[in-house]
Structures are given as C-alpha cells and as structure tokens.
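Below, each structure is written out as structure tokens.
Two complexes come next, and they have one chain in common, chain A, joined by chain B in the first and chain C in the second.
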Partner chain A sequence: MEIIINAIMEAFTPLTVGMNFLGVLVGMLIGALPGLGSVVGISICLPFTYGMHSSAAIALLLGVYAGSVSGGSIASVLLNTPGTPQAACTALDGHPMAKQGKSAQALGWCFAASILGGLFSCVVLILATPTLAAFALEFGALETFALILMGLTCISSVSAGAQAKGLAAGVIGLLLACIGPSPFSSLQRFTFGLFGLSGGIDLVPVIVGVFALSEVIVRAESILYEKRVEAMKGGAIILPGLREWSGRVALLIKSSAIGTFVGIMPGTGAATASFLSYGEAKRSSPRREKFGTGEPDSIIAAESANNAVTGGALVPTLALGIPGDPVTAILLATFAIHGLSPGVRLMAESPEVVYCSFVTLIIANVFLYPTGKITAKLFNYLLRLPEPILMGVVVVLCILGAYGSRGNSVDVIVTVISGIAAYFMRRQGYPMPPIVIGFVLGQQFELSIGQMILFKGDQSWLFYILSSPLACILFLIALILIILPHFSNYMSKKKITSDI
Partner chain B sequence: MLKRMFSFLAIMFLWSAVAFAGYPEKTITLIVPFGAGGATDIPARVLANMMEKKLGQTIVVQNIVGAAGTQGIAQLFAAKPDGYTLGYTPTGVVCLQPHVQHVPFNRDSFDFIGLVTRQPVVLMSSKVAPWKNFEEMVEIVKKEPDKYVVAITGTANMTHIPVVELAKHFGLKLRYIPYRTTAEVMKDMITGRVHLYADSPVPLSQFDIFGLIQFAEKRAKNLDLPTTKELGFDRDISHWQGLIAPKNLPQEALDKLASVVKEVVESPEFNAELVKMSTNAEWMGPEQFKTFFEKEFDMYGEVLSNLAQKK
Partner chain C sequence: MNLSRSNIFNGIFVLFVSVLLFFRTTGKEDAFTTEGIHPMDYPRALIFLLFILGILIAFTKSKKTEEDRIPIVTRRTISMCISLIFFAILFEKIGFALCAFGGMMLCGIIMGYRRFVLLTCVSAISCACIWIVFTYVLKIPLPTGTIW
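Moving on, here comes the complex of A and B:
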C-alpha cells in the first residue's frame, strides 16, 4: 500500500505532471497533423528524456503516446484526412457529422470516447496486469493464427453492400503485406528488383496514401469542377450529454475491451484495434444502417478502442518486458537507460515505477480534454487557409510523415502510388477499410501460418489443433462470424417471402 | 597565365587545407540503420551525445530503418565521404547481409573509424526445457533429433548462424522457427514453445531464461558461462558495433574522429552508460578495426556459402 501511495505522490510531483501535460500536448499536435504519428512524436521527445528523472521521462513518453493516438481524430473529423493510422476509422463517420455542421459534437464524441476508452484500459491494467500477462503468453502461433482469422472476418462486415469489392480490397491489403522478404527463406517477393522495397512496405505510407492523399485528390477534383467545398468550422469541442449516451454504453465497453485486448497481444497496435472494433460495431450495432452518415456509434467504436490500446499495450510491457507495439518498445528502452531492468523482474524489483506508470497514464488520459481543446483551436487557424493552400499543406505533411517514419525515400513513392490507386478505387465504389485490415494483419498472418506449420511438425492437423482449447474456441468464433450474417440474411428473406 | 593559374591552385589548395584543419565545421549526420530506442540506437545516441561535447558540433542521429538494416547502410554508402555523414553499424548489416541479399555495398565500401562495443553471442535456453546445462542439452537433443525448437529472427542472420555452426560441430538436429523480434521470441521462450535462442546477452538480465554457453575464446567480463573454446569448439562469434564512413574519408577527418571516439569509448562515463544496457565497450582503432572487419566478413562469407551448398 505504501508503494502505491508513493507512486501516486511521484506521479503528482510538479515536474512529472508538467512533463505529462507537455507530452500529451506535443503528442496531440503531432497526431493532429496528417501523416505524423506516435512513432515520430516519441522519436522527437526521446533525446530529451536522457537527462530527466525516470518518472518524468516516463510521464513525457506516455503523454506523447496517449496524446498522439487520440490527436489523429481531429484531422479525421475536420479534414477527412486521418492524422494517424489509428484514426482512419474515425473519419468514416466523424467527417460526415462535421459536414452537417456538427464538428464540435463530432470532436466531443471523439474525445469522450478516447478518454473513457483510455480510462477503461487503465482500470483493467491496474486490476489485472499479472493475470492478463499470463493470458497473453497462451498465444502461440496457432492461437495467433486463429485470432487473426477472426479479425479478418471484419472485412465482410465493414464492406456491407459491396461484399465482392470489399473482399477484393482485403486481398489487395494481404498482398501488399507480402511485399519484401519472406520471413522463412529471406527471398524477395514483388520488389521488381528495387532495393528500396527490399524491406517491405510500411503501414504509415499506405494509410496516408489510401486515406489522406486520395481525399486530397477527391477535393482537388471538386474544387476544379466548381462544386463549392463547404468551409469547415472547427475550434470547439462539445462533449455529448449523459442522455445522448443512452443505448451506447454497452458499445463503449465492448469497444474498449476490444482495444485493451488487442493492445495486450504483442505485435499489433492501435490501428488494428480501431478497425476491428469498427467492424464489430458495424456488424452488431442497432444503428448500423446509419453508419457512414455521421453516426456517433461508429466514432465511439473507433476512438475508444484505439485509446484503450495504450493501457492494454502496457500489460505485457510492464509485466513481461515484451512490448505490445513499436511505441512501448521505445518505452522499454527508456527504462533501460534509467537503469531499470525491463522484463519479468520489473514488477518485483521496482513496483513503484510500474504503479507510477499506471497513475501517469490515467492523468494523461484526463489531460486529453484540455490539450484537445487547445489543439482544435490551433487547428482552426489551419482551416481558415484557402482550400487549395490547405490541401497543399496536407500533401506536404503526408509526404513528410511517410518519409519520417523510416527515413526511406521509397515510402514517398509508395504514398503517392497508393493515393492515386485509392482515388480510382474509391470512384469505383471499393470500400477502403478492408485494404488496411488486410495489410495490418497480413504480415502477422503469414508469419503465424508458417510458424504453425513448423511447430506442427509430423503431428496430424486434427491432433495439433485439438491440443489447444483456446485455438478451438477462436476458430469456432471465426466460423460463426463468417456464417452468421449470411444466415440472418437468409432468415430475413424467408420472413419477407412468407409475409407476402 | 600559367603563373596566375598556379597561384590560383595554390590558394585553393591552402584554402581547402585550412578548411579541413577546422573539421568539423558543421552539423554531422549519424545514420543508425535500426529504429529509435533499439539495441543499436541507444549506444549510438549515447556515443553521439558524448562526441558532440568533444567536437563542438551537433550530431544528428537519423534512423533509417528496413531490410535488416541494409537500407540505412546503403544510404551511408551513397553519401559523400566528407566526414559529415557517418554510420553506426552492428555486425550483421555489414558482414552477413552482403552475402545473403543483393545490396549496393560490399567488403571495400567503407572506411573504419573505430569499434565501439563488443560482446559474445550467447546461447540461451528456456527454463521449461528438460536440461540444466550445455552437456545435458547435447545429450538430450541427440536422443530426440528434430524435436527441440530454436528461434531465429531471420534466415542466415546473427541469431541463426551461430546455432547452425554449433549444431554442425556437435551433430545436433534442431528445428528452426523464424520470429520477427527478440521480444516475440521471449514470449514463446518463457512458455517453453521455444527451447533455444542465440543472441547478445542482453535478454539474460531481463527475462526468465538462462544462458548455456558463450561463443568466445575467453570468458567476457560479467558473463560467467562456459566458452565454446572450453568445449573444444573454436568459434569466436561476437556482436559488435562500430562507427564507419563512406570510403575515402579525408585523413584529417578520420584522425580527428578516431581520437575523439577513442576518448569517449575509453571514458568511465560511456562505460557506465553501456553497462546499464548490458553491453560492453571495446575500442579498436581504424587499422585494427579494418583488419578485424575483413576477417569477420570472410569468415561469415565462408560459413554462409557452406550453408547454401548444404541446402
């Protein structure tokens, strides 16, 4: 108990709170700019942490983490160009809502969902870190494969009304993930002999191209053909009232749980979480018909899930020393710099640091609201620019962000090509989320299939799969998720015909 | 006319000599071929930080990530050899990758400023595995060939080659399963899905696993494990990191950098920082580092061509 009180005291020292606020603000600003995301934000702040006290350094980095994840939604809502990969889903309903003149309400939903999702994951983190960490260890190649299979079924629910096109887009995503060296033989695939592609392609250029750049082209086209583009008014955030939450609390909890769970699984990230949660909401929400027209449910699903990842990702990071995503990997390195040995012994040897991190993350989530207000106000200045100049600024930021994430100039070309390709696909009515779902899950999917086959060895498949009850359950859920929509379709058709 | 031209040349020559006496006179870029916060990045940043103070110029660390580090080193290779673009590389990128994949650089592409860190590769074991030491491991694996699992983080890289060599020497048959990162390997090693893994000794202090042997001639400090030499297998395989530059670096710049890096690497402050990262500082000057590199490059080339023939 004394440790916890000390940790709370530590997290509330002026320097730590100040660094935390600064981190959230910097993260939010970087996240809000299209193309620049969490990894860029953390990389900028990392050098400053060397000279700091460990709790201040952790507060700064966790602040940037939470801030950048939710900051991306500002650009998504106001410009329809997601600020970060994890905010891509938020644009799907956030922007239509803003177009109806309700940008303040849309941002209000974003921030309310972000903060509640984040706090949900913090509570889970505090209550159940050791248990959940042990659960995360249950996931070997087979279980991961089953889990990704479950995730891929989302492609079908996010492309309602255009199943064939959605599946095609999903396959494109999976194929994009295959570019570069095979994880099993190191042989190069689909690189056309270009050295720049020999490392595969990164998530950031693909998302920036598909969502932000294609949007710029669409807008440029409408400016060209004199369809006057509505000037967006931003700058304010109106949080949703208690009454507006009625009927949506269950969705919030479910989405936060999905986000936390995805965060706990090593090797995934906030982008995966928001797409999976969005797909699930689109499948099961009572208001799913209205998705795409400015439905708050969709915003809640995306934003609570992506921010819940922050807490979830800390579970394996702090309990096992196994980072859940690239940002927590950097966080672990910071621990090492400050003489704390990250790993299984961290919780036993330096519990005060672990609890201090928990408390810091809670404070960071609370800071999302004031920093969001500041950022939205600053963003409003950007919106006052004439449309052609604004779009130019967005293009510059997109290219900068794509280059900055790995420092590879091929990523710039990937951004431009995927932007142009996505523009034509959008015109033909292809849904965009399946590409990203396929792409983010693709690499892990391929790896887990290969690992699974190697682990299986000479056993029979049946025996191998039955040896893991967890995998059996996940396979069953995946099967149900695939069959259920068709079954309910069939039933409703039958009902209509019998009514006649 | 000739006289005028001569004096012009003379002035140009003097001017350039004067200019170089002042090296460095602008910001230096240090290319790190792996991501921020990683096992290559942090020692590089600590080094850059301490070099800055001695050189009186800013050093900007640029992380260029991708294709097992070769993207970053390829950009270093393409840079002007003026002493303002340097690279911080670990063993694998410059000694193994040129034998494995098609890269623009090779054995003669770089100038060597100095070796910065070095530590032996360690063979690590899961605590769930049915052995307590190396001898037991050899015995058990021989009894049940193709049963036990070795994790690797890429084909023919620094986690793969040492185990292949070891297995060849002791006649072991193991299963090799690729992962993406050390952290993912650790997850499966704690649960016992993976039994063996070879890498730098860093994970030993962080995870619930134990070391079996080190690939070295003599025991490294702070690392009390039997060496391969003690077991009659004479293979010295180490993870090292060093500062390199594109070929034909001006002599003045090379001398200045080498003396500054030597001071930093031998300083107690730098050593203290590296110990926190479970790494050891080790200095080698330009000449010695170059000879060492060439020996390593050829050694891995031979090992990899043997491996390819076997397939």
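Moving on, here comes the complex of A and C:
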C-alpha cells in the first residue's frame, strides 16, 4: 500500500504532470497528421528525456503514446483520412456522422470511448500485471496462429453485404504482406526485380494510400455532388450524455477487453485491436444495420479498443521486458537509459516505478480530453479552407507521412499505387478494411503457420492441436465468429418470410 | 440468374490477376524448403483462394449505392491519378519544395478552384510551414532534389 501511495505522489509532482500533458498534446498533434503516428512521436521526444528524472521521462513518452493513438481519430472524422493505422475503422462511421453536421458529437464519442477504454486497461494493468504476464508466456506458435485466425474472421463481419468482394480484398491484403523476403528462406517474392521492394512493404504507405489518397481521388469528382464536412460552430468536442450510453456500456467493456487482451500479446498492435473490435461490434451490435451511416457503436468499438492497447502493451514490456511493437521497444530503451531493467526483477526491486507508470498512464488518458479539444480546434481552422486547397495540403501531408516512416522513395510510389487501386476497388464495391486487416495480420499469420509446422514435428495435427486447450478454445471462437453472422442472417430471413 | 455486368468484369479481372500472380510463383522450384514447405506454397494457396473468389464475384448480384450516380472515370479523377503518379516519380528527383508546391496547385486546379492568386499564396505558405515543421521540429529530412 505504501508503494502505491509513493507511486501516486511521484506521478502527481508538477514536473511529471507537466511532462505528461505536454506528451499527450505532442502525441495528439502528431497522431492527427496522416502517416506519422506513435513511433515518430516517441522517437522525436526520446532525446529530450536524457537529462530528465526517470518519472518525468516516462510520463512524457507515455503521454505521447496515449495521445498519438487517439489523435488519429480527429483526421479520420473530419477529413476521412486516418492519421494513424488504428484510426482507419473510426473513419467508417465517424466521417459519415461529421457529414451530417455532427462533427463535434462524433469527436465526443471518439474521445469518450478512448478515455474510458484507456482507463479500463489501466485498471486491469494495476490489478493483474503478474498474472497477465504469465498468461502471455503461454502463447506459442499454435496459440498465436489461432488468435490471428480469429482476427482474420472479422473480415467476414466487416464485409457484410459484399462477402465475396470483402474476402477477395482480405486475400489481396494477405498477398501484399507476402511481398519481400519469405520469413523462412529469405526468397524474394513478388518484388518484380525491384530493389526497393526487397524489404517488403511498410504498413503506413498502404494505410495512407488505401484510405487517405483514395478519398482525395473520390473527392475530386464527388465535390460536384456532395456537401463537405462543415467547420464546427462553438465547442469542438461535445461529449455524449449519460442517456446516450444506454445499451452501449456492454459494448464499451467488451471492446476495451479486446483491446487490452490484444495489447498484452506481443506482435499485435492497436490497428489489430480496432479492427477486431469493430468486426465483433458489427457482428453483435443491435444497431449493426446502421454501421457505415454514422452509428456511434462503431466509433465506441474502434476507439476504446485501440486506446485499451496502450495499457495492455505495458504488461509484457514492464513485467517480462518483452516489447510487443516498436513503440514499446522505445519505451523499453527509455527505462534502460534511466538505469531500470524491465522484467521480473523490476517488479521485485522497483515496484514504485512500475506503479508510477500505471498512474501516469491513467493521468495521460484523462488529459486526452483537453488536448483533444485543442487539436480539434486547430483542425477546425483547417476546415475553413476551401476544399480544393485543403485536399492539396492533405495529399502533401500523406505523401510526406509515407516517406517519413523509412525515408524511402519506394514508399511514396507504393502509397500512390495503393491509393489509385483502392479508389477503383472502392467504386466497384470492395470494402477497404479487409485489405488492411489482411495486410496487418498477414506476416504474423504466415510466420505462425511455419512455426506450427516446425514445432509439430512428427505428431499428428489432431494430437498437436488438442495438446493446447487454449488453442482449441480460440479455434472454436474463430469457427463461431465465421458461422454466426451467416446463421443470424439465415434466421432473420426465415423470420421475415414466416411473418409474411 | 440476374447477373450484374460490372461484377462479371470484376470477377474476370480478379481471375486475370490471380493467373498473373500464379505465374510469378513459378520458376523458383530450387528454393530452400522448410519441413517440405516451399516458400511459394502459402502465396499459391492464397492465389487459389483469390481465383475461387473471382468466380464467386462474377456470379454475385450487385446492390445499387448512392455513390453509383457519381461516374467512376472522369477527366478529374484521371487527372488526379496522373498528377499523383507524377508527384511520386518526381518527389526525390526535383525535391520536396517544387514537387509539393506544384502538387498543391495542380490539385486545386483539378478540383475546380480558379482563384489563382490565393491558391498560389496558400500553396507557397503551406509548403514553407510543412517544410519548417518536418525539418526543424520533427527532424525528418526532406528530399532536396537529385537533379540540381
């Protein structure tokens, strides 16, 4: 108890709180710009932490992490150009809501869900870090394969109404992830002899191209037919009232749990969490028919899940010293710079550092609202620009965002080609999220298949799968997730015909 | 069966792409295999799945959406696509400043904006601000052009 009180006092010192707020604001601004994201934000701020006290340094970087994950939703809602990969799902209903003149409400749902999702994962983090860390260690190749398969099944949910095209888009995403070296033999695949593709394709150019650039091409013509999103009058964010949460609390808790769980698994990330959660919400929400027309349930599912990842990702990082993604790897480096070694020893020798990090993340989640208001107001000024000029700025920022991730001109070409291809696919009725789901999960999927085959050895497949009860449960859930939407559709059609 | 012409074309296109991609997986039979699995087996399985889906797409009825009233291929969309391709090709060759300024001007003109003085001023100021933010704040060096 004394440790927790000391940790709280450390987290609430003026310097730590100030650095936390600054970090959230910087992260929010960087996250809102298409193509940049958490890694860029944290990399920029890392050098400034060398001379700081460890708690202030950690507060700054955790603030940037939390802020950048949420910041992407501002560009998603207002411009239909996701600032970060994990904000791609938010655009599916956030932007339609903004086009109806409800930008402030859409952003309100985004930030409310983000804050609550982040706080949920922080509470889980505080209560269960050692247990969850031990659980993460149980995940081998078979369990990882089953988990990713579960993630891929949400392609079926997000493709409702265009199943064949959605599945084709998902397969195209999986094939895009095959470009570059094979994970087991380093054979170059689908590079067409181009040196620039020998390292594979990065995620950011694909996301920016598929969502942001294709939107610019769509707007080039649709500007003649459709109204754009108006600049918001008065307050930039209107939080939803308590009554509006009626019937949505269970969805919030489920999505936050998905995000926390996905964050705990090394190798996954906020983008995976938001798509998984969106797919699950589309399958189970009582208002699923309204998805795509400005339904808050979709925004709640995506935003609470992607923010809940921030807390979950700290579990393997702090408790095991295993970074799950580049962002947590940089956080790990920060700990090392300040003489701390994350892992089992950290929990035993410096528990106040660990708990201080948890409290700092809670404060960072609370700061999302004021910093979100500031960032949204700045974006509001952008919306006053004539749309042709604004689209030009968006194109330049998108291209720079794609270029900035690796400094590679091939990424720029990939972005433009993805954008043009995505435009024609969109207009032919192909849903875009499955491409990204397939791409995000594709490399891990192939790697886990290969690892499974290696670990299986001479055992039979049945014996190998049954040897892991956790994998069996995950396979069963994946099967249910595939069958259930079709079964529900069949039952509702049967009900309609019997009513007639 | 009431088939849609656009879906038939879509399906045939997907089949064509699958066949093209399949031919890219051939000719590498001497590659190192892992536990009997060739590195091209996984992509081939995906390509086979894409082939099946191409057939399904060709036989799917399409639903009308609101976006259908907006033509897919127009002078504006083609101009925008060509501009983006030139932007990508010239980005490292002529540098960020010229490319971004030209790109913003072209984007505005394609989308029908005709107040050229304002467009020029805003494009120039925006490029300058973006350059300052990326170079001095984010410390991401931008290309200055290889032909100069």
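As a convention for this text, the second predicted complex is superposed on the first by the 478 of 500 C-alpha atoms of A that agree within 3 Å, B and C clash if a C-alpha of one lies under 4 Å from a C-alpha of the other, contacts with A are read in each partner's own complex, and residues count from 1 in each chain.
Here is the rule we go by: a residue touches a chain if its C-beta (ideal position, glycine included) is under 8 Å from a C-beta of that chain, and two chains touch if they have at least 3 such contacts.
The shown structure was predicted, so the numbers you read here are calculated from the model rather than taken from an experiment.
In the superposed model, A:Gly199 makes contact with chain B only, not with chain C. In the superposition on chain A, A:Cys472 makes contact with neither chain B nor chain C.
Judged by the touch definition given at the top, the superposed model places A:Val366 against neither chain B nor chain C. By the document's definition of touching, neither partner reaches A:Ile8: not chain B, not chain C. Of the two partner chains placed by superposition, chain B and chain C are both touched by A:Gly450. By the touch criterion defined above, A:Val412 lies against chain C but remains apart from chain B after alignment on the C-alpha atoms of chain A. Looking at the shared chain after the overlay, A:Leu397 reaches chain C, while chain B stays out of its contact range. When the two structures are aligned on the shared chain, A:Ile223 is found in touch with chain C, with no touch to chain B.
Once the two complexes are laid over each other on the shared chain, residue contacts for A:Arg189 go to chain C alone; chain B is not touched.
Comparing which residues of chain A touch chain B with which touch chain C, the overlap comprises 184-185, 407, 450, 454. On the side of chain B, the complex with chain A involves touching residues 35-38, 41-42, 45, 49, 61-68, 70-72, 74-75, 100-104, 146, 149, 154-156, 175, 177-181, 183-184, 186-188, 190-191, 193, 203, 205-208, 273, 276-277. Within the complex formed with chain A, the chain C residues making contact are 6, 10, 14, 21, 24-25, 28, 31-35, 37, 39-40, 42-43, 46-47, 49-50, 53-54, 56-57, 60, 62-63, 65, 67, 69-72, 74, 76-77, 79-81, 84-85, 87-89, 91-92, 96, 100, 103-113, 118-119, 122-123, 126-127, 130, 134, 137-143. Chain A makes touch with chain B in their complex at residues 39, 42-43, 46-47, 50, 136-141, 180-181, 183-186, 188, 195-196, 198-200, 202, 266-267, 316, 320-323, 326, 329-334, 336-337, 339, 341-345, 406-408, 443, 447, 450-451, 454-455, 457.
Taken in their complex, chain A has these residues touching chain C: 30, 36, 40, 44, 161, 164-165, 167-168, 171-172, 174-175, 178, 182, 184-185, 187, 189-190, 192, 213, 216-217, 219-225, 385-389, 391-393, 395-397, 399-400, 403-404, 407, 409, 412-413, 415-416, 419-420, 423-424, 427-429, 446, 449-450, 453-454.
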